[in-house]
Amino acid sequence: MTLSREQMAQRVAQEIQDGFYVNLGIGIPTLVANYLPAGIEVMLQSENGLLGMGQFPTEETVDADLINAGKQTVTVAKGASFFDSAESFAMIRGGHVDLTVLGAFEVDVNGNIASYMIPGKLIKGMGGAMDLVAGAENIIVTMTHASKHGQSKLLANCSLPLTGKGCIKKVLTDLAFIEIKAGKFHLIEHAPGVTVEEIVKLTEGELVVPAKVPEMKF
Amino acid sequence: MAGFDKVVSSYEEAMAGLEDNMTIIAGGFGLCGIPENLISEIEKRGTKGLTIVSNNCGVDNFGLGLLLPNRQIKKIIASYVGENAEFERQMMSGELDVELTPQGTLAEKMRAGGAGIPAFFTATGYGTPVAEGKEEREIGGKHYILEHAIKGDFAIVKAWKADRYGNLIFRKTARNFNPMAATAGKITVVEVEEIVESGELDPDQIHTPGIYVNRIILGTFEKRIEQRTIQATQ
Amino acid sequence: MAGFDKVVSSYEEAMAGLEDNMTIIAGGFGLCGIPENLISEIEKRGTKGLTIVSNNCGVDNFGLGLLLPNRQIKKIIASYVGENAEFERQMMSGELDVELTPQGTLAEKMRAGGAGIPAFFTATGYGTPVAEGKEEREIGGKHYILEHAIKGDFAIVKAWKADRYGNLIFRKTARNFNPMAATAGKITVVEVEEIVESGELDPDQIHTPGIYVNRIILGTFEKRIEQRTIQATQ
Amino acid sequence: MTLSREQMAQRVAQEIQDGFYVNLGIGIPTLVANYLPAGIEVMLQSENGLLGMGQFPTEETVDADLINAGKQTVTVAKGASFFDSAESFAMIRGGHVDLTVLGAFEVDVNGNIASYMIPGKLIKGMGGAMDLVAGAENIIVTMTHASKHGQSKLLANCSLPLTGKGCIKKVLTDLAFIEIKAGKFHLIEHAPGVTVEEIVKLTEGELVVPAKVPEMKF
């Protein structure tokens, strides 16, 4: 059984520690906020200029001047602050965000990531993704392990134009939790009901498989 | 206009001096904190051949998207240009020149333009298409590319409050690119929701000092919401 | 310390981890807005071989000047080091290494350190002794030199108010170098005149977001005035 | 009769226009604020983080947190703002200040200025002077025309280490108002009671003297 989007978010959430400042990208990363471990405090950074993002507003509290990086209306959490875009990316580029979670099309054994552009298709832009991957010390990429047609997204070399070079160390897919070290993928955990063989088959880049691969816990 | 009183009374006056082929730096993120009436004034003037520097390009019938139907924009420097069918058409047909720039680099380029920093190194974009044609350098074991400052003939800015001297306060995430844009225009025009007398704003709480601002105009705003997202009621 | 509560209860705890030969970035201009009790704690600890990055070096018996008698400072990076006899003695005798840096360049180097900008070009210092050994470049017909970012093992900062999450508000010209210093330390320690509960500060009015701050301590301050200048009474 | 410090300040003040943002250095430049033409508004920038510097405080209003770049206690004028040092020098370096007035040891025909360091003497530092001369479009240097020993300070080449290169266009001395253009000094005005010959004698760098040199008016 491959992980659902919610399970992927749930597994990523386990990596978050008390007192972390976290930037969550659009898509699965956004769902991570719903699965934070009990008893820990986290502040969400939104790169359009907000530290301490809260829940979505009610009809009564919706405010056009208060949105997140996905352009959705939001609210603020206790202790939040607003700032301009230069300051926001100073935080990101300067490595002050403890964890960044974002999606991707492809990742390779050298930690390269491709996530913003498919040649021939409409190019909408990289937004803040290039800044996030270049600045964060700690990034988790969330994506499906392979395309619908069974093509691996964990490659020896990214085939698409890069969003960042040599910056990804952790990937959470619907099949596995993988670390990238010294030019290789390392299998850290497999999803419940997914065999190591299936993971190996769908991983194009060199994958180091330890003798015993733990199953993800939820 | 005597002394530091920068208030003008019409949008026509606010954008006086705008000419074809100028560069305009605009504040705003998505449709949040955009100088919507200044954009409408540019549409009305029909100015052509513009280079626009803005994180996004509005939507089909609002924000900077209003400058597309009459092909007023020659080039746009932006980080994300999604939600706009006419934009896509002009981009695909080559009528519109699009220079995609990472969001943080774009903010820093505007800041640098205002701050007299002609160029800076950043890791953002190293090893990506953004690095093409740019100088690369290893500093302290990490790779960087050189990015240059951006300045505009005009900067168009939306703030919440201003005093008559042009001191500005922004509100919530409508701040975004506006403070940097304000510093980077030869002529910086700001539209606001409220104008107070000079001396009424706390000097410790001013986001943009009036020295960067040339003209202030009082506006009313639609503030369209792009992704209205409401909590499920309990 | 749970969650984001960054308040510590002693100066000893505030400076825990400070070791010989570390680099400390300090806020303050003259004696205005200096982290006076954090400096005293460093004096008390007797830490040696320090590199200090600060606009000035205090006076003989106050501020960073307190670190001179026991020769705790190996090197100082500053823009102006006037009013201090012991400082002059150590500088002239070669016991103290002084790297003079233009004030604006110093501020920008601290900001760059915090913002992940490893180096930037500036016209400041071109053609002067400051340019010696630095890369020069002509950009758009003007001459610039390349300056590099500064980061510290510690940053010591004085703010007016903080909430428990480390969000900071500065007061009047005591702000000066403090916000940049706050961004550039691996460990940033801030002493303040008042600590409020998180959520009590207006999110629009925070000068330094708590993400940059590691420790907060409540202090009492002498706030010595260097040039007390009073209007002639009428 | 050479100009007094007050007269020098008074002449410089005539160059200030309504609505100017002005940075005044320590010494004679500071006095300029006392001679602003009637009916004009000026905002004084102090590079330690204040736009809209006011008068000195009274005993009652003195505030250790409110000083100018000379470290003197001051007050704020109407419409003032405070900001950090990076923002302050963004204003200066970015050319947003309309006029900068500062002192110097020497100026030369190429617009070079030496103002912060005399080799062999104690070096206290350049403070913000290098940033100010590199960033301002419009600078007036105020200094005596020659040393007490009669040595010219308007030189063919500065002999002291430079504060800035090619950045000075106007010099107001106790003898004359001089502009620098195309590698030469140009005599614009002479002080009342000072002859052109005296000025020529005390100007080492090449000085262009027009047929008619107006006298300064106060």
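As written, the chains take the letters A, B, C and D, and residue 1 is the first residue of each chain.
Methods note: contacts are C-beta pairs under 8 Å (C-beta built on N, C-alpha and C of every residue); 3 or more make two chains touch, one makes a residue touch a chain.
Model, not experiment: these values are computed from the prediction.
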Any chain in contact with chain A as well as chain C: B
Between the pairs B-D and C-D, the one where more C-beta pairs touch: C-D
Interchain centroid distance [CA atoms averaged], chain B/chain D, Å: 35
Geometric centre distance via CA averages, chain C-chain B, whole Å: 32
Approximate Å spacing (C-alpha centroids) for the pair chain A, chain D: 55
Whole-Å gap between the CA centroids of chain C and chain D: 29
Numbers and ranges of chain D residues touching at least 2 other chains: 82-83, 89, 92-93, 135
Residues of chain B touching at least two other chains: 108, 111, 115-117, 122-123, 170-172, 175, 203-204
Touch-based graph of the chains, sorted into line, ring, star, complete or other: other
Residue ranges of chain A touching chain B (in the complex, touch as defined): 46-50, 55-59, 62-68, 70-74, 82-86, 88-89, 92-93, 112, 117, 122-131, 134-135, 161-166
Complex contacts: residues of chain C adjacent to chain A: 1-4, 111, 113-117, 163-165, 167, 183, 198-199, 201, 203-204, 206, 209-212
Contacting residues of chain B [partner chain A, same complex]: 29-33, 55, 78-82, 88, 92, 98, 100, 102-108, 110-111, 122-130, 143, 160, 170-180, 207, 223-231, 233
Interface residues, chain B side, partner chain C - complex: 108, 112, 115-123, 137, 139-140, 142, 144, 148, 169-172, 175, 203-205
Residues of chain A that touch chain C when the two form their complex: 18-19, 21, 40-41, 43, 45, 51-52, 76, 78-83, 87, 89-97, 135
